[in-house]
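A single structure is presented below for examination.
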């Protein structure tokens, strides 16, 4: 394992020190592993998200004006604990309530559930929105359901803008839920990631193969295939996403994220192919992000997220945001 | 060997479990790496190390308090699915043991069953979903059956441990329906479930502690 | 070689298609391989930069309001040609002249030199500023001198802001030259990159070793060392940079860039250590960037750049910028 | 074998050089990978393929026009240090040959020397800096020496080719002072310079073409 770290055990706390040093507009609570926005938010709904670490800039990089009020950082790939979430809710609630944005993983769901109960007991109004957008996981009531991946970023941005407008908790939750319902994602990997504490790749992948339908935790994908061209990968991903949801009805927000080990020149090459694959299916792209937004440590690969966007979503998407990971309008 | 579980026994059990998870952490993480996210051993070892620290710093006065302390510590230190599930297990077991001093076989079974019940309530998994329940449910059932047939406590917990190990092994061919492994669909078959593996360790360390007491 | 590409020969043209699709506020000239800003620039000095590809987001990602008017994209690690540069100058000159921002590599220098001659013949006023900031290369009049690396990003931002203020060519050049003179960088690599056309890593590095003093072209560094902790690497890099230039006199702009294959969580961990190493040497950080800004394909590693910043540099740094790779204030 | 270089010979030389760079591209890039940025072979092969296309599309009328076309094409298609340097070489060689029809030995030497001079003027390298000049300068000197001592053209260009090869080999122990390899300092020693290697091919293909003509 080759990593720019001190020791596996301190990867998260070291990164938090760096975040604190690099970003004077957030406060880092080292005990509770929280990244908290300093932006004024009086009377506004506060968005709290969080999850295992290793997906940077998500979530800590999305803390700031117009997006998250706080992010809870769990250990690498391990959901944070209810204490952290409760501390976050307590720190950011200004009376208008707190929206938990939760990716659909058993650990995240259970821990946020407990935190919501605890926060409720302390008189904080808490609502939760779940993101479960990964089309490579079969959706079934018999299983844990779909994973939450890239749509989370778009939910956080859009709901954050609604909160910044002063909308009440019920509205912000409804908007977040709409984005979540309108989003679909899929990812592929050329290499595994290496969890620092584990010290070796989570799975082995021969030189000429790729994993199709991977998540963001180094778990293997739905199947292994021969390494394909960017063109064919784009066809496969876009095909699977478009088969799951009709994206021709409204323009989409497209997010092509690297998984941490893929350089931008490859992502742009992929996006060229994706853009064609979308066009050929009659899907219109209104807004685009290409870069590292939701990653999986040092994994090479990418994930595509599409969100079908009505006028309200687009307007909120375009509203000012000022975070380490997404910034425009101020 | 005794016929009731004392506070000292429970304390010794959890310290043994902590030592064992530390020792088996790499293997548990290895199992989680095949069908999950490669953190189960690290997480549990971290949580149990915190439990031992807690027990050292403030030794609980009775079994219910100890179980509660363990549950709270796991919930606040582990994270992930297993932190919340094992945490609930101990919290609920502690509640079920409320008021008790030592636990005889029946009381032990009741506490464990209550703990397992809270895992079911939280996680909504069923037997055969390839989770820790596939080790824990057979263990509690075996404990009950042994006690019913008149076995001594030591023999009964040993039977529970054997059942947990068998349940763990039986997860190998299963296709997961809960937890991260479920994302893999058919590809989850052919691997032991890491949570079932750690649960089997939990029951085995109980058996080892009770039979050594 | 595992890459998200179609074929090695089309990596650049595929990426340009993706850039065109993702960023409606730039025009891509596919024939000349130019990325040209659509932002209005009437009467302003136009900044043109460029270089070999594989360093994304540099330079194409820095095209837009307040930064570059155009970027010329060469083949991977190969400086662009004078034709491209001339076409860029012609496309963006609005009469106020063009500033070429050139990294100090023989190929870049020679090709921009020819382009400047050609542009001069066509009546375009051209000035050139050279960036040569890599302290891991010994500076000597007998050699090609130092490489140009991370300071380039800061030169482009600060000079771009000066141009957007309407300052004349001589001023913009002087400001660019000041930033260039005030900047120092150094990089380390944990792995080599793989040039697509070459198909294998440019150098081999054992599991327990790193290259110290690498550039951004997959060339080996000045020396090979045992893989060190983030703390020790930070001490080494900061020590070398601080030994070369006195950064205690004024606050610095600090840029910690990943080299393409290093995830953000590691970069933040590194930045925590760097921030401490700076503080212990009495160096005050005024502004910070942590992320992928100047990369080397899929290389794992990082480079640190410090620019000693006076009030003018800081003011221009803070001015609005709207590009794919750097954005604030609008 | 002839005693003057005709348009057809120059055309054949450059086509042969194009074929040879395509064939040796991987090796040249390999050399560049050790002490540079792993693109020299790819770049030169791409540039020479463009030259051949250009010669096919619009066959130049005379040697100066041909050399100019080659120079312009390399400058606009190769990029990097070698694109600009080889481009200048051919542009300047073409200028030196201006007005000439066929080139006799002396005229050939003058053209090549002018070309090499423009590499010196542009790149400011000196002999021993571990660059293409370390192959080209000895080659031109050997050509001149052979012609002065009365050798036939074919023998003279063969001597030039041998000198270029020797010059290329002599770059191996050198510490680079120009080009990317200079960034490596002492570590650049122990490797052939890729530009010297391609220059040796340039001179060898000239010798092979002239002696076959």
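Labels for the chains are A, B, C and D, by order of writing; each one numbers its residues from 1.
Heads up, the rule we're going with is that contacts are C-beta pairs under 8 Å (C-beta built on N, C-alpha and C of every residue); 3 or more make two chains touch, one makes a residue touch a chain.
Remember, it's a predicted structure, so these values are computed and weren't measured experimentally.
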item: Contacts common to chain A and chain D (chain labels); value: C
item: Distance between chain centroids, defined by C-alpha means - chain A, chain B (Å); value: 32
item: Geometric centre distance via CA averages, chain D-chain B, whole Å; value: 75
item: Distance between chain centroids, defined by C-alpha means - chain A, chain C (Å); value: 29
item: Where chain B and chain C are represented by their mean Cα positions, the distance between them in whole Å; value: 54
item: For chain B, residues that touch 2 or more chains besides their own; value: none
item: Touching two or more other chains - residues of chain A; value: 76
item: Touch-based graph of the chains, sorted into line, ring, star, complete or other; value: line
item: Interfacial residue positions of chain A with respect to chain B in the complex; value: 52, 74-83, 105-107, 110-111, 113-114, 134, 136-138, 142-144, 147, 195, 197-198, 202-203, 215, 217-220, 222-223
item: Residues of chain A defined as touching chain C within the complex; value: 1-7, 10-12, 14-23, 53-54, 56-57, 61, 76, 190-191, 207, 210, 227, 229-231, 233, 256, 260-273, 275, 285, 288-290, 292, 295, 297-298, 300-302, 322, 324, 327-330
item: Residues of chain D defined as touching chain C within the complex; value: 29-30, 33-39, 42-43, 46, 75-85, 122-123, 176-185, 187
